[in-house]
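Chain naming follows the written order as A, B, C and D, and within any one chain the residues start at number 1.
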């Protein structure tokens, strides 16, 4: 009883703040690797196009990773609509998730330098998959500890969340497999996947 | 009815926190590109002035971009005085806005290295215009979904906001056009534009 | 009496926000030093493994430091479950703590470049120990000023916290001592120590 | 009347969050410039001391700037104990303050590379003075607009704050003047000044 009186509240706000900070820095870090294009020759329109052309891989990878991190941030944010308290293991799983999120600028740079190489496609795909899987692990841990939840979790949301969490690891796995034969298809898959998350889904009706 | 009970609140606080983090990092990143001046010769006053003179382009671009990002942050901050909840599409538009904001240190560096070149003026102007336009898109989406608003939006604010959002893309468009003939006028326009946002406007009377 | 009316509340929220920001940046900075692996030769599986092999030290140090910072963040976060207000000296001790936390990316890089060298092991161990000791100093100062506390602190938590705060400086001290004879044991200790903090402890029962 | 109903609250929380983020990034950025020491020769104790000796200027400047930014953060934090709302001009002054705060890593690096040179001492001193003066300008603006205040401001705090804000510009001005004759005295002043802010002052009695 005396102990119960001392139970800490451990609101999730601080973990969310750490996460928001990490996402903000990781997203801004993506761009730090973009080399400043050098326009040479007579510095006419075609020279400019040529210089930008040199940089297009970096820009493309920047945009993909930024939108992917945005979607992950959204998933991470949604999680805390249901989970309002934390404990040591939940926070530990959160740290693991943030650890792989912080690697995204690294694997983005690796992909930008080796766009159509199987190994860069693999590293990038594994990195993004680990992000989703570690976030899913945190989610599963959280929703099975009723004292961490602060809102009823409808079964429909549970099912849909599972699909959304596991969709991209599956798709990225396929992209990695294809990369040995047709790497440009793999890169196209990386471009298209974020768009899949824009399609209306069953969770939408719970949103304002 | 059962569904209504489960509607998530989706307060905008988390998106604001992500945005504040991204602005803070982007604003601090601006300065990371500033090269440390190297004072040579007898290291007298004139050698110091000479060394600083080498860096003035970087400083000028730093200051312009910092103030411009400050003004954009203000617009972004104002938006959330009226909009208090979010949904998936609103957040997606927010991610797009943050994506172009994070590119500002990149285009600032490009402008600092090529101050009077038409292509640097164009890249910089397009970047800043995209920031304003994507923020405007988010604003328009937000104010037309009454369940995202948490405060009445007077028509006057709506009209004035439209002017403030669309003022700089127009001015930057003009600067880009002029850059082919008189690039120093374009740069002057970039310097002057932020000052336009300091002039008292109709929204002021709604502020404390 | 008139003075009492003016006593500031000085809620700890702002200091927590600064700390969350510093941890977020320091954790993301860790990865910025990771060099992009360069795959050479025929770019086959073995060339990829070889390139990754070159980077393993960086990855290992990244992962250790990330988890260690995660654990420190947890300790820092726990502190504010009991301490809800701040004063000038408490904040000053906080700044000292953040100062050594911000050095972790530096000493991680130093260790990654000199993995089995006694001096790198020493610098890294001292850095992490200083983090723990400065956080402990802040904790001790805070819990002895009753007007900073906003929750009763059970004696059991006090004792356990002391053990948890002082465990790693002792272990790191041993690792530094061993480094002169068997540096790979020291590095193993750095790998294992974070795991010790995952073992269930007496504070767990106060968590949700 | 209809307008009064629409007056925005403009709580200062967002500006504080931006500021906390900027301080967190600027403080962590300080360390990014510290070069990893290279230990050569037989890698014995004396070689290590020699390598660290090469880096001591960087470390010293890092520590001074970190503590100075900590003190400024404290001043910035105190300000918002009294000021609870913002308007456009107050935020603009805040952006100016953040602009010079973000330059501190730059001038710290400049000082670390040119420790005893008058020009580095001058740039560093001017940068820190501009931080204090712009924060003071924001404070003065804020306390003279009663609708921004959310707490009575005792005259004693007002007087003491003025001294604390203007103390370092004066001291730094003296340091700059001395730098032409005895630069090591100037650097000593930079080391000692932060300690002055640790001396008990009249504001302490309003703190918990």
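Convention: a residue touches a chain if its C-beta (ideal position, glycine included) is under 8 Å from a C-beta of that chain, and two chains touch if they have at least 3 such contacts.
No experiment lies behind these values; they were computed from the predicted model shown.
Rounded to a multiple of 5, the C-alpha superposition of subunit A onto subunit C involves a rotation of 90 degrees. Counting the residue numbers used at the interface between subunit B and subunit D, under half appear in both copies, so the two copies meet with largely different residues.
The distance from the centre of subunit A to the centre of subunit B, each centre being the mean of the chain's C-alpha atoms, comes to 25 Å.
In whole angstrom, the spacing between the mean C-alpha positions of subunit B and subunit C is 35.
The set of subunit B residues touching two or more other chains comprises 17, 20-21, 24-25, 32. Of all the residues in subunit C, the ones that touch subunit A in their complex are 16-17, 20-21, 23-25, 27-28, 30-32, 34, 36-37, 39, 43, 48, 51, 63, 66-67, 70, 73-74, 77-78, 80-81, 151-152, 154, 157, 198, 203-208.
Remark: subunit A residues 3, 5-10, 14-15, 17-18, 20-22, 24-26, 29, 32, 85-88, 91-92, 95, 98-99, 102-103, 105-106, 109-110, 113-114, 117, 119, 145, 147-148 touch subunit C in the complex.
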